[in-house]
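Quick heads-up: structures coming right below.
Heads up, the next two complexes both have subunit A, just with different partners, subunit B and then subunit C.
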Partner chain A sequence: MRTGYAALLGGVMLAAAPMLGAQALTAPKTVEAGSSFSIESRGSGQATLYIVGLGGVVTRDVQLGSPISIAEGTVFNAGHYIAYVSTSPNEVATFDVVPAKVADISFLARPSRLPVGLRNGITGAVYVFDAYQNLVTTPTPVSFNISTPNAAPENRTAQAKNGAAWIALDSSPKEGAAHFVARAGGVSAVRVIQQVPGDPCGIKMSAKPNGKRITLQTDPVRDCSGNAVPDGTIVTFTENYHGGQSTVDVPLKRGVAQVEMPAIPGANITVASGVVLGNEIRWGK
Partner chain B sequence: MTMLRPFVVATMVLIASAALAGAQATVHVTPPNLDGPRNLADQTATAVVKNYIESWESLNAALAANQPEQLDRDFVGAAKQKLTETIRQQAKAGIRTTYKDRSHDIQIVFYSPEGLSVELVDNVEYDVQVSSKGKTMAAQPVHSRYVVVMTPTEVRWRVRVLQAEGE
Partner chain C sequence: MLAITLAAATVVFVVIGTLWPVKAAEFYLGRQHLIRSNGTPDAALQNLGDDLKSSAWSRAYDNLANKTSFTETDFLHDLVGAYPNLRTYSKLERFEFHPLHQTDSDADFTVKLHWATVVGDAVSTRKVHMVRGSSGWQVEWPLTREPTLPPQVIPVNYLRWDVIYRGAGDEWGTADVDAPHVKIVDMRPVQRAEGMVIMGELLNEDVVPAYVSVTATVMNKNQKPIATEGSFDKISHLILPKAITPFLIKFPEVKLSQVGSVDMHPFSQLVPASADPVIEIQNEKLNPAPNASLTGEVVNQSGQIANIAHVLGTFYDQSGNIVWVADQYVDHALLPQTPVPFTIHIPEDLARKISSQRTVVSTYSMGGAA
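Then we have the complex of A and B:
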């Protein structure tokens, strides 16, 4: 009788042994986004598989006891997932979906327009993504290139940390449209940045008598890098005489500003643009 | 060091506010370790962290009720699209999920040069629970490192990227 009980107890324990500690599912620890993978299942019979995460939910009717194949492109959002089957919901398997290779970059370049010769005036920020818009957080080299017509291109490389990289560059001494390129993992993005002449470096005017008036004209107005200041830039001529004052604002045309003002003996005439003051002329008596 | 003190104080205020609001999660904020040329004002850092913590409340509410509109306040762009699609899939599968955050350990790591994005990392502990027709089906405690990108909108910072990296 004792032997019978012992045999019966042993039989129950043997039958229960496979159940204790045995997970219904075994998933790989990590899966690359969008790739196919397989989940091992134990037991027998039909069940419904649930894969649940912030990145998505997948349900599938499965046959327990055989590997469950998850096709390419089924689970593609990076993140943490749990998997369980309807017959053993308490036995949860977990896995992480990690980003695939770089397939897209988000590139923000600022500003879109700036003066030439500005130190660290151009900035670029890049976030690197895979084909499923997952942020690629593994360290990734990002190359930046900026080229302006008639100026030497500048190349720099930065390492993306946590999916982000940035760069600061000087604007070129030459005016023109700069092509600012960011490249990572064979993917590139281009932004165009207009580099415009800076403020005038100096203004020089000359005067010629013209009957009862004076014709005042500037030399071609250039910035400190030798770029022509754009037409339309306002140049101000001021004539001071015997306690009176006349002021005329003139836009640059073909790089020069020209105006006629009254020829008043002893008048003092100045020229300026923005904060830049040019030469001064005293009109003779 | 003098720059650090107001931020720490602000963080303590944030934690106190969260506690007053009945939030369960404990929040620890490590001073920023910025990779970037732009200085991060204490007020900005505090707003970013506060809005991020609030986004977990919206996230949980939206997924627990299968109501994607509850994401509107705190999510934008890819994060919002992905979570909206997840909620649609949940509803189709007849399940709901809760993501109950227990603790956050947050550090801001990047402030973009033009000020249009902030990136933070968060070692977060939370409990995920799946239910169907009011019955709990599966539950799991999770410890993950999240990488988060937030962008400023009209009145608050919103989550544009929310991505777990595993334990």
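Then we have the complex of A and C:
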């Protein structure tokens, strides 16, 4: 409730500031968030100092006629402030609290997973904050670095405007977990982007007899960039024979799919994964 | 006053009903048969049906003519399975029989057992032989012995995905893992007697497993929504990377002629999953009308028992366009390397258009593995 009143009072005072008269206080024009500063006062005797901003009000008992020291960490929300003393409420000093140096960044990287070799597929956005979570609006260089195992790292720099910087990068032609690092003012944040193989490219299977069954096995399944398609990817074997059919959906294990199917002379066997077709085998009589 | 009178009358009727129940009520309580005579084959079969409906397995077994050929446990396993399956949690809803042949001393009947399961009616058909003994007509139960597995160790190269989602401790900018990328690769609306149907196929083009469903909103010619429906269980909800599932969405209240456009919404969610068990579908055969169907056998190639299997068939015409999507739940557990037959019925009017099909199976294993 008190905070509500203080905020209301602050708002009213800030709105009324241009209408107020001469100053009993002299404040610096700008103050870095959270830093110590002093306000010059005129007159004599005891009074209460009010520093009013949008975030709240700071009150302090002061001796007029001497500099009033405001300790570090007292005023930290960036914005426009007014200061006045209780003995002269119409004589206000105004000043701006500006963000301090970069102390924290929020890094949004998208997507968490994407196929290899995708142009501008990875986006990174950085919001730059000071130690008090004020958005640092002064132009700040932000460096982005993405590194994938077995691939050259890529570095880019962007200038943060109004506290935000963003970038778009191509995904690497090599699969793997990419470490995407954003750095600003000595602060860094890391995100992991999983770069995954694309669709299988040219599935090839071979068959060998195994009693009354045939053992079918694919060669190691790779995408068109030569990356191994991950285990668990479904490979469908279909055997057609004399009006009948057998089908098995087999997950890749250790890079290959293997299955046993009935050995029926004259059967036609196909292999596919998703919408990609592989070779065809006609089982001899 | 009226309320008090009604309450008192209710109490009186409850007491009377409890102390002197009518015969029909006793039957529904499972205490007694409506028909106890076995003087005719029909009456004996009816008694068997009543016993099975009330889960009075011992009484049903005791009245069989050939009970010395198998144990009561064998009989129970034949009816509801030895391993947990769809029938384990079902109840016999309807017991139908039709005579095939009858003499003074024996008779043959076709018996249809309609089991009420969580996914609807599961019908099992048996041919039973009946004999007339000194105590009347008795059923010779055609026992189908459920295969048993010899104790063994089946090595499995276990493949599984687990997911770490975004947690409360993660900072604001940390993104959660993305949902799997899925794509509708085929979609076709058709008008059927029971309303409009949208069917198609959904591909998981990602490298992670996906829990999927499809919702469709049909719009009229003025682009105003008419109805929204989902695929419900006419889809394989869990699809592994690069796997394709068919889906079918029914709009019973909508006519295709009313529809101007359709808005399709495939939904996918990243879920922990296992690549096992691997199910082979063998001896698939398209049987022409009458009684058009797709028949085949599902074989569990893994070591893990699959308790419930859902078989979905996608049917195509000569040009490769989808003609129909149909399904069947297998009401027996799939034991390793043990074929279990399935039959998917195809509408007669569509059967002649169908030239090829693709079948997928989704399974549920009790004990947590997806």
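The rule is short, and it goes like this: the second predicted complex is superposed on the first by the 257 of 285 C-alpha atoms of A that agree within 3 Å, B and C clash if a C-alpha of one lies under 4 Å from a C-alpha of the other, contacts with A are read in each partner's own complex, and residues count from 1 in each chain.
Just so we're on the same page, contacts are C-beta pairs under 8 Å (C-beta built on N, C-alpha and C of every residue); 3 or more make two chains touch, one makes a residue touch a chain.
Keep in mind it's a predicted model, so treat the numbers as computed, not measured.
Of the two partner chains placed around the shared chain by superposition, subunit C is the only one that A:P262 touches, whereas subunit B remains out of contact. Of the two partner chains placed around the shared chain by superposition, subunit B is the only one that A:G163 touches, whereas subunit C remains out of contact. In the superposed model, A:C201 makes contact with neither subunit B nor subunit C. In the superposed model, A:G244 makes contact with subunit C only, not with subunit B. In the superposition on chain A, A:T30 makes contact with subunit B only, not with subunit C.
By the touch criterion stated above, A:L108 is placed in contact with subunit B and with subunit C alike.
Touched by subunit B in one complex and by subunit C in the other are residues 108, 110, 127 of subunit A. On the subunit A side of its complex with subunit B, the touching residues are 30, 50, 52-59, 77-80, 82, 84, 86, 89-90, 92, 94, 96, 98-99, 108, 110, 120, 123-125, 127, 133-135, 137, 161-164, 166, 168. Note for the complex: subunit C touches subunit A at residues 157, 159, 161, 171-178, 185, 203-209, 240-244, 275-276, 278-286, 296, 301, 357-361. Residue ranges on subunit A touching subunit C, taken from their complex, read 105-113, 127, 189, 191, 196-197, 199-200, 229-235, 243-251, 253-254, 259-262, 273-276. Across the complex, subunit B meets subunit A through its residues 35-37, 59, 63, 78, 82-83, 85-86, 89-90, 92-93, 95, 97, 99, 109-110, 112-114, 116-117, 119, 121, 128, 130, 137-140, 142, 144, 147, 149, 161-167.
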